[in-house]
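Chain naming follows the written order as A, B and C, and within any one chain the residues start at number 1.
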Amino acid sequence: MKSIAAKCATALAVLSLSALPVLAQDATAAPETPAVSPEVAYIFNTLLFLIGGFLVMWMAAGFAMLEAGLVRSKNVSMQCLKNITLYSIAGIMFWVTGYNLMYTGVDGGFIGSLGPYSFDPVGGDALDTGYSTASDWFFQMVFVAATASIVSGTVAERVKLWPFLIFTAILTGFLYPISGSWQWGAGWLSEMGFSDFAGSTIVHSVGGWAALSGAIILGARKGKYGADGTVHPFPGSSMPLATLGTFILWLGWFGFNGASQLAMGSISDVTDVSRIFANTNMAAAAGVVVAVIMTQLLYKKVDVTMALNGALAGLVSITAEPLAPSMWATLFIGGVGGAIVVLAVPVLDKFKIDDVVGAIPVHLLAGIWGTLIVPLTNGDASYGTQITGIAAYGAFTFVASGIVWYVLKVTIGIRVSDEEEALGLDKVEIGVEAYPEFGTGSQRL
Amino acid sequence: MKSIAAKCATALAVLSLSALPVLAQDATAAPETPAVSPEVAYIFNTLLFLIGGFLVMWMAAGFAMLEAGLVRSKNVSMQCLKNITLYSIAGIMFWVTGYNLMYTGVDGGFIGSLGPYSFDPVGGDALDTGYSTASDWFFQMVFVAATASIVSGTVAERVKLWPFLIFTAILTGFLYPISGSWQWGAGWLSEMGFSDFAGSTIVHSVGGWAALSGAIILGARKGKYGADGTVHPFPGSSMPLATLGTFILWLGWFGFNGASQLAMGSISDVTDVSRIFANTNMAAAAGVVVAVIMTQLLYKKVDVTMALNGALAGLVSITAEPLAPSMWATLFIGGVGGAIVVLAVPVLDKFKIDDVVGAIPVHLLAGIWGTLIVPLTNGDASYGTQITGIAAYGAFTFVASGIVWYVLKVTIGIRVSDEEEALGLDKVEIGVEAYPEFGTGSQRL
Amino acid sequence: MKSIAAKCATALAVLSLSALPVLAQDATAAPETPAVSPEVAYIFNTLLFLIGGFLVMWMAAGFAMLEAGLVRSKNVSMQCLKNITLYSIAGIMFWVTGYNLMYTGVDGGFIGSLGPYSFDPVGGDALDTGYSTASDWFFQMVFVAATASIVSGTVAERVKLWPFLIFTAILTGFLYPISGSWQWGAGWLSEMGFSDFAGSTIVHSVGGWAALSGAIILGARKGKYGADGTVHPFPGSSMPLATLGTFILWLGWFGFNGASQLAMGSISDVTDVSRIFANTNMAAAAGVVVAVIMTQLLYKKVDVTMALNGALAGLVSITAEPLAPSMWATLFIGGVGGAIVVLAVPVLDKFKIDDVVGAIPVHLLAGIWGTLIVPLTNGDASYGTQITGIAAYGAFTFVASGIVWYVLKVTIGIRVSDEEEALGLDKVEIGVEAYPEFGTGSQRL
């Protein structure tokens, strides 16, 4: 979504529209009616946040299904639990500290203010905000949850539940809001001219950096990488669930990118939302098609998980600038995203970075790509500033996340024992098997 | 949703807004334009019903997945069939008798009128209703389906298909509409000042009471309770499906509570809808967090099904008053809902009440809690009246449902034979296994 | 959706509404304000396309889950891959050639013009179209994807991946748009008075005809039909996924039919959308109830897959005219759709036409039924013209699809070898099993 500065401009535009007829009424007996009254614009804007918000909330289910499908059956209950709990914690933390750290009183700086957020009162009538503040909070809150979901996929199958939840609370209550304030809170990067429409960097790369630091500090799953450099595939337990998760994420992305226009109370705003819907869809489509063709050419078979991650990489790639690109540019941007995933997965394995669901290629690398390429289609952005922003988010999140993961590691520990890992997290920490009757799988070890 | 009385007030408010400028035009040559014309408000209100309606319709899929995940694999096809069929029957019955019994001509009394419902004609232009009557019907219809879905989970794995469907038809065509008329049809409880915004009692407790009477009359599944008081867990067949179902219900609840505002044609209405979205989300989040912490403390492991039911209990708890509570109050209300589930499940087992999916703690007990606590945040409600309402709905639904279940039992029978129960309902009544290739489960008995 | 001609009428109506007050202002000092300004109507219309569009996009997930649930586990990954890839290809092809072939310059003829589509520019303000062109493109694009999804279910479990994708590209880039232009592009059938509101024929029958020609040319799965005429059932691998898919499709259909009203910027339009929501839901409900009762009477057991297909057949049946029917007529139309499915499935088997998911009864036969019965409730339609339209779409699509399938067959081949079919497509063409840990199924052959 755009920065608060841009928001204010929108709100002012709405107000000036509404002010005009009043002035006109002073001057003439035949006043011009505003095409869209400020009240109607307020309702439309709020509705956009609500629809966008529930679509992005639904992405929490998408991450849950994607990850449940891509882990082995002995860890599926745990992955389900982590996803519903991280979504809950993200919401609470974003209310307790997150929103105000991100959006209140940043003023070109590095951080907002501390304290829980207050909504409009019942029957609120503060027309001058241009939308309901609760709808805005709801929409921003589901974004932070997406960031946390990215992490859970990468560190799956070996991280302990409680340290993971503590990390989630810190990420969603502090790390994401602080770095988010730099751009969307009208902080220093926003003043410098950094451009990240709906969060290729601010949401996806941040999630990816947090995941990467976790994967490194946590180490790979036992048996994933042989001493001789061989990589052992650990096939996911359910491709249809992974597919379902991808479709859910794709659907949710219309809210993620579309509602980041932040307004639909004018015909030009709603027209832009429409362009964003079309571009978002087509970037994903290009990611799929490129991943399918590339895996066919490289491996003589088409890997369904690559097709799914190709869709997601296309979506992440277009998220930094889903409005400006022509359709040709959109297909290029999304298609490169798909290619990045196909090429990056084996590279990560070479470095023995064990990313269970492929979240680092999808969210971190495609997020960097999408942010970097913004100046191609958006004349207001510059490559230098984009690189500055990408580097700033990367350095802060990687270091800060790394410190948190490290402190958790040396205090309460972040990893289950080898024996527990072999048994599966469902048996060890949950006590409820995901599929108790489907017998020959990893959960029978 | 609010009662018809409240609805009328809203409609009048809209009309008076629209009337004002006309009056103004009589008095002056520079008329004030209404901020939101009655036509625009009509469109917004109708759109709220349509969006809310499709979100609540989607909850039917949520119940289906939740229940499919929580029964054993030998009964999964049956649970799928029951859910899609009960949704269908609920719609037809609510058209044949339900809507008019609930909403037409109640006039402070105990019941509406008999007969099928008529929609607006094609190209309808009855502006004075404030919204399309078909959109209102659609929205109310999906609510009654939710009530029926609650029952199907509790009585799963041993109730026969056809008696269950007959019960569904009676519940959705008569029992729910009659008791619903007392409040939402502007009946006696509404006049007394009972407060149940979106149906903690009217929808959820009613479903829970019907489920409870069914569970008692039907008896527990064979082998669930040992003669010595031991309780044998029958683990659900798929945790990811149960998780998916919970996320679907959570998503649908934005429509359930949000659209129960019944209007978004003014900035104060849409602001209230936004508050409701935020509160609904956070009550669920609190339910999850409390359930996770409590199961960790009580059992040293975190039960994923408790986390899921904690979310649902939080949602049910906030449904009676999702607008007025501050965020602190919301977290308290939802969190207590989560605690209720964790504490009540073993109590039900002590009484040998076999509730397959935990619907009674979630919908009945959290529904009572949510209704009871309304006066804490809503000054217009009183504890006495809330208790009266809770008791009235409980007595009527428990007794009336019990009579229906009992008559079905002594006539056509409601329970499959022991042998059939062991085989599983899929083999006995459906003939289509849910997972014919996943071999070692209960369906191989 | 209605034809472009009807669209233009709507746009003109909106414009005339907006023009009126201007005229009035010339005549009097107390101008009448338009109830809904053209700008507000534009926003509402665009929003309808966006909401309808994301709901129909979600149907792609519905088809994926339905088909993943109804094929054997050894082909599930392939079915997932095909569905996400066909959705991607459909979008790209509909942009490259489809939209303009279907909607631009048809002028009562048989085909539009060639070339990629251009959207509104950023910040578009072309009020006279009455809605954002990008939103319209998005909405039309998801329809073509639905057509392609229909085919993939029928030819599952034996068609090769790449020929299927090539067929998809031709169907979505050429065949569907050309025939679609005859009606929705204001072509010859539209001028003749053919009536197909949301595409019982134009979308569903067309998909069904393409599927039928594919099924015939491809032949049945090995072992499906014995030499002695026996039919061997190949049970689907997951009933809950098939149920989920059906619920997703049902939900998406509110967008499919509802947004085909093409406008909600007036109270009569939004009221019509509401009627369509109610009718769409109830036709599906009737389809379910009839299928459940009929399978009980015919087979003494209730087949859950018939109930699911009954819902879909009810939905397809009402799609040609979801607005005009009274509720009685709606239940009749949807109920007959359910009956068609129950009766047609064994007939197809008699002809040894192997339709894996039952798409031909659901989409082709119920599509014909729904189109044929339009004159019962819509006085503007005639049985003669309806039959002409049905025949024209059938002849063109069956022949053209057949040629494409045939050319693919004699060139690159469309069917895997017998050995590969026995192994399953997941092993042969994907290399990723759908359920690697659930051991005793078809994938262990």
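A few points about this structure:
We adopt the following convention: a contact is a pair of C-beta atoms (placed from the backbone, for glycine too) under 8 Å apart; a residue touches a chain by one contact, two chains touch by 3 or more.
Chain labels with UniProt names: A, B, C = Ammonia transporter.
All values reported here derive from a predicted model rather than from experimental measurement.
The two sequence copies subunit A and subunit B touch through a face in which the numbers common to both fall below half of the numbers used overall. Superposing the C-alpha atoms of subunit B onto those of subunit C requires a rotation of 120 degrees, given to the nearest 5. Inter-chain spacing, taken between the CA centroids of subunit A and subunit B, is 31 Å.
Contact with two or more other chains is made by residues 29, 31, 33, 40, 47, 51, 238, 244, 435, 438-440 of subunit C. By the touch criterion given at the top, residues 21, 25, 29, 31, 33-34, 37-40, 42-43, 46-47, 49-51, 53-54, 57-58, 60-61, 64-65, 68-69, 76-78, 80-81, 83-85, 87-89, 91-92, 95, 116-117, 119-120, 122-125, 127, 132-135, 137-138, 141, 161-162, 238, 241, 244, 429-440 of subunit B touch subunit C in their complex.
By the touch criterion given at the top, residues 29-31, 33, 35-36, 40, 44, 47, 51, 55, 72-73, 235-240, 242-244, 246-248, 250-251, 254, 258, 264-268, 270-275, 277-278, 281-282, 284-286, 288-289, 292, 296, 299, 301-305, 307-308, 311, 323-324, 327, 331, 435, 438-443 of subunit C touch subunit B in their complex.
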